[in-house]
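Please find the structures below.
In the two assemblies presented below, chain A is common to both, partnered first by chain B and then by chain C.
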Partner chain A sequence: MGDNTQDQLLKDLKERARPCFQCGICTSSCPVFRVAPELNPRLSVDSIITRGVVPREGNEWLCAYCLMCDQRCPMGVSLAEILMEIKNISAREGKAPPDVIEAALSLMQDGCLSPISSRSEKIRTELGLPDLPKAEPADVLKLFKATGALEVLETNKAAQEEASE
Partner chain B sequence: MTTSDSKGSSAGPSEIEVVSTGPELRIGVFPCKCGKNIGAVVDIDAVAEYAKTLPGVVHVQVNVYTCADPGQREIQEAIAEHGLNRIVVASCSPTMHEDTFRKTVKAAGLNPYLCIMANIREHVSWVHQHNHEAATQKAKDLVAMAVAKAATLEAQPELDVPVTQAALVVGAGVAGMQAALDLAEAGFKVHLIEKQPTIGGIMAILDKVFPQNDCSICILGPKMVDVAKHPNINMITMAEVESISGYVGNFEVRVKQRPRYVNIDACTSCGDCVEVCPVDVPSRTDQSLTWQKAIQIPFPQAVPSSYFIDPEACLGMDLIRCGKCIDRCEQEAIVPSDRPKYIDLDVGVIILATGFKPADPSKIPRLGWGRYPNVITSLEFERLINAAGPTEGSLVRPSDLTKPTSVAIAQCVGSRDINTRSGCSNFCCAESVKCALLIKEHYPDTEVSIFYQDLRMHGKYFEDQYQKAREEGVKFIRGRVGEIQQYPKTKNLRVSVEDTTHNKLLMEDFDMVILSMGAEGIAGNFPLPISCTHDSFYIESHPKLRPVDTSSAGVFICGGAESPKDIRDSVIQASAAAGRAAIILQKGRYPIEALSAKILQDLCSRCGTCVQRCPYGAISQDGTGKFTVMGALCQACGTCAGDCPQDAIYMPNFTSEQIESQIDIALQEDPGNKIVAFACAFCSYRGSDLAGVSRMQYPTNARVIRAMCSGRYSTKFAQRAFEIGAGAVLYSGCHLPADCHFQTGNHWMAKREPRIRGWMKRNGIEDERFRVEWVSAGEGKKWQTIMTELSEVVKTPRKDIVKPKRAIDSKSKKSVKTKTGSKPKSGSEKKQKPKKKVSSSKSEAGKKKPAKRK
Partner chain C sequence: MKYAFFPGCTMAYRLQFAEKSIRMVVPKFDIDLVDLPFTCCPEPNAVRALSDETWLTFAARNIALAEAEGLNILTACAGCHESLSMAKHELDRKPEKKNKVNSILKDLGLEYKGISTITHVHQLLFDEIGIETISSKVTRPVPIKVVTHTGCHLLRPERVLHVDNAEVPVKLDLLCEALGMEPLDYMDKTMCCGAGVRKTNSVTSYAVLREKMTSMEMVEPDAVVVFCPTCFVTFESGQKVANRIFGTDFKFPVFYYTELLAIAMDIPETDLLLAEHRVKLDLPKRDETKKEAEMDMGDSIASSP
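Moving on, here comes the complex of A and B:
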């Protein structure tokens, strides 16, 4: 069944990528590509169109989701969403990069990604701003369960352990 | 003989011939495989077998290509051999080949109006490629519908009308000028209308023109003079067409000419007035790169060679407000009292050469045009490099007037982008290579890079240009420019582009960037309903075989109004359009649609509704109160018949009886799952054909009924379809307000919508089952969407209880009615009676079926 849904996802992706005619406006507009040329949205889409496979190198995880490529695409292709879908597919296969898994784990455990620093708390009191709400790991966990992120996380953890062994 | 009135009244047209038909109904059906176009999807042999069982059919013959010579010959032989008197060709769309087959049967001695087509290609095999069984069933239904209609077809007299021996050419760019000159040379009077104060169009402001890079105005200038001097050409500048009425051969045109405020004949273009004029306005010719005065001449070679006053800029042509030019002009050529003029013209043909406009670079903010002075368009470049331009031919940066040492040219600006125009603009690749060569020619040290996506150097000699540019050291980089940024101090530009051949980002600095601008369509605001594509270019009658004709007879298109094209193609097309127009003019008479409405006097209650409906004033009342139709004026839209409360108007080829029999057959089986779609011949039917030509797949349950105009669709057609149990009904016409080819038919159809909806509400039929849609000939996609949506609607069975009894009652009453309103030909009357029984028994059977199921 899992394969079926993956097939369907790939089919949807192909359909969405189909209008792309490889002009390169997306890549030349991409702020990440300027510093990390591994992420090339045009080539990610090209892989889906011409080879019919989801790229597995993991470069799409560099996408900052600024949507500049979506904005400028002359064919109306939603590149950022395609990249997001590629990330989803590879995450379900347990191929999310370790740093992303670590970040997700810490988010699940602590309820937030960056803890509130004492400095910012001090400034807030000086400015008379109310205290920031405390993170509730239990609530976050509920979200993880409801969205299926927990399952994906588990798959990736297992895959990582397997790899390290 | 109640309807004989229409014939005698046609004073202008002459009757050519009427071929009568035998009394017995003998229908021949010719299903066509069209090679694999139909044969690979539809089981043609099964369709042929089915056709043999249809009432009245005596001969069925399958052909691989019916339209080819052997196929046409077979039809003619079958007519002779089997005594056929009605022909049904089941093949492509009637817009494609109806004319062909009408000519075929005419050559065999049959009246051409006794031949009709069932469209099993554009409406079946091309749009249902993956569902062979349902496609075959639909093809059978369409053949049965055509056979049912054929049974009541009648011979029509063929008429022709005299043709006014003059042409109207709208737009005096290079295409319009060429068309006008060709027709004028052939000896016809030509009225050439131009919106601007000078003729010449875009070509007049270019510097050099590819591929030989010869001087544009040097080759255009003499042509402009020829146009002005030609005794057969009446050149009207600063004018636009205000209204057009009439039809092929007899158009009445009203032209509005704006005031020039300068007497063309008196003005010697000495330029004294310019010296005293105190008002500066941005120069239109120079793309606002420099200034002109309020009294101006577009460029020195302008034709007519006369100044004009821009009334919006002028301070006032009297001595109190300004009036300096009046004071100065020794020729006393300035006419402050000039007012708009209306000029009425009678012409036989019209050629539209209205051109395109360059795309608007301000719509693409990422490229910085308008914000960064050194980003210029290709037209601005033309003016900068032009010896007659603001810099007298030296290429300089607008920011500091220095010579650029490096220039980038960005391709596909305003083209191949769904946000501006999705199509390719055809000329810009060659234009850019020309720009690069011009720069290299003037300044060999300047570096030129062209950023292209696909370099389309398709024309004759174009490849040589490309080769030359490479030899000259022009860099070609595959990748479309992502963005342009400006260094605030130097005003240099940084171009970000991905070199897609090497997958790497280039961020290069240039002194100047030229945007290679595409074309934007401006067709569509013409007071004549010619179909346009979604990006506002005129649609040709057939993209390959009739590329300069339009769906309106006697109206031709050429140049940039048809699609973006270069000078050579514009001239070729203009000569083609002139040639096509000359055929009509030279013959002196033009055969017109023989169909015209007839009023059945015994049924007519003399309410006069038809008089209001007729957009041509073809219906009039005589002294005795009798209404009659003027045959020559009637254009056969059928709007009068659509609204006649007594059903007393007989619309040949689209009679109520014929349309109702088509509805009945369409809903023979499983009516709840069917969509009865009415489409008008000029827009919607062509739109549905476009869906076929573009192979846009949609569900198989639609049955299209064609009428000349949406004005023909009576409320009772929808009611009848719903009474039989139709799942959904579509009334589709040309776009409101002004696209209707019969001027107002779509308005009258729209007015019927609330009445139909009210009736549906009273009978408990869900609202979404009836739709009124406007589909133009360019909207194949929309047709596909509508069909798909309606198929979703019919998936849920109808909840209402149909009242079959009432339906049958009204039906029987109706058939009595039509019988009393006897048809003009006594021969055809005889054979109609048995047929009527067949069709009515069939429809009753069809009505019973859903009832049984429920």
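Moving on, here comes the complex of A and C:
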């Protein structure tokens, strides 16, 4: 990705983070921080504002996207959305965790995140539930290609292979 | 009223009995459900984290399918509800995003217009049907003490979803009361179940669950009532994992709300639903004489008012 895009992304994030006055209610409301203090939304935003650095050392993936920070911010800063943007940047750099890659692959293959096993289908039949119509696999693949997800997946696959060497 | 039904992956393939309970209950309120070839909503914390654009386009495709049929969407999972509602919010407010998405959907013969609404079963029951009508259908009250967990993705972001007060949610409690239950107040009522990071960092996820369930345990409920299949799985199956990791002793029965509604309305064959539960709760048995009468008369007669 070109530097221009990176600069623009940082500029956008700064703009979104700007109203933050570091009160910390986001962090004190965060259920993950309560048990894993390495996720600290206040510090993530601080890094963007004061250092101009998008913090992506891996802790961003600990965000459960429960939106408690978003709900409580007195300045209307959407911290969960900022963390989501950071995850997107991190993923484009090949740093998505394996389960996120797995979820995307599952969506690409089955159009569904839960594995559809013969057992799960059997339970549906036993309960008298209808067969659910499925999306055309070709359509699903088209969307993956057109939205750049395939490229992000390739980048992460390459990064995973490099790491295992 | 007819809806395009969006059970979501977790409910359709892991919590089939909860889906069954919805399909048992809604016809009694004159609601018809239509099944369409939806994909995963997509799940906000995995797919969207990888690519915001991919998430938005898949969600738009799902909504566009319902729009092509002239139907509004009925969701059953908090995650699906948040995901589709957030996507709709983005698309309806940002024409440049809508145009981009539509340029991709065109190739699939679809168009996102922004005309279908997204309603969760929670909203259908509380806001559309209403407590009074629900109460009038209760013939077999369920006298248990419960704690309710509405779920993060039904409550937040409150500015977009408007399902209930995000800090003091009361609607699910009132829906429980309507069935004869006693909802108990508890600390951390709006806290996450931990599901969002289960696969990325399972110990952290179960530590969040431990915190949540510790607060639930303090008020000694008979059961936990939820409106999201993912929260259901996290509480019901996850408590055993939490017990193994942290030495806790949680063993709460968990219910998806419409299961209890089906029981309270005395709809036949609710035993089918409960058989699938991993932690059982003894509920008052159905009236045997009534059951026999039903067999004589057939279900359709017995279930009419």
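The rule is simple: the second predicted complex is superposed on the first by the 143 of 165 C-alpha atoms of A that agree within 3 Å, B and C clash if a C-alpha of one lies under 4 Å from a C-alpha of the other, contacts with A are read in each partner's own complex, and residues count from 1 in each chain.
FYI, contacts are C-beta pairs under 8 Å (C-beta built on N, C-alpha and C of every residue); 3 or more make two chains touch, one makes a residue touch a chain.
Please read all numbers here as calculations on a predicted model, not as lab measurements.
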{"item": "Broader residue contact with chain A after superposition on the shared chain, chain B or chain C", "value": "C"}
{"item": "Partner chain in contact with A:75 - chain B first, chain C second, else both or neither", "value": "first"}
{"item": "Which superposed partner A:43 touches (first chain B, second chain C, both, neither)", "value": "first"}
{"item": "Chain B versus chain C as contact partner of A:27, first or second or both or neither", "value": "first"}
{"item": "First (chain B), second (chain C), both or neither touched by A:9", "value": "neither"}
{"item": "Interface residues of chain A shared between complexes with chain B and chain C", "value": "34"}
{"item": "Residue ranges of chain A in contact with chain C within the complex", "value": "31-32, 34-36, 61-68, 70-71, 78, 84-85, 87-88, 91, 96-97, 99-104, 107, 111-117, 120-121, 123-124, 127-130, 132-136, 139-140, 142-144, 146-149, 152-153"}
{"item": "Chain B to chain A touching residues, read off their complex", "value": "366, 412, 416-419, 453, 478-483, 496-500, 503-507"}
{"item": "Chain A residues touching chain B - in the complex, by the definition given at the top", "value": "21-29, 33-34, 37, 40, 42-43, 72, 74-76"}
{"item": "Residues on chain C engaged by chain A in the complex (per definition of touch)", "value": "7, 9-10, 12-14, 16-17, 19-20, 23, 35-40, 42-54, 56-58, 61, 104, 107-108, 152-153, 155-158, 166-167, 190-192, 194-197, 199-201, 204-205, 207-208, 210-212, 272, 276"}
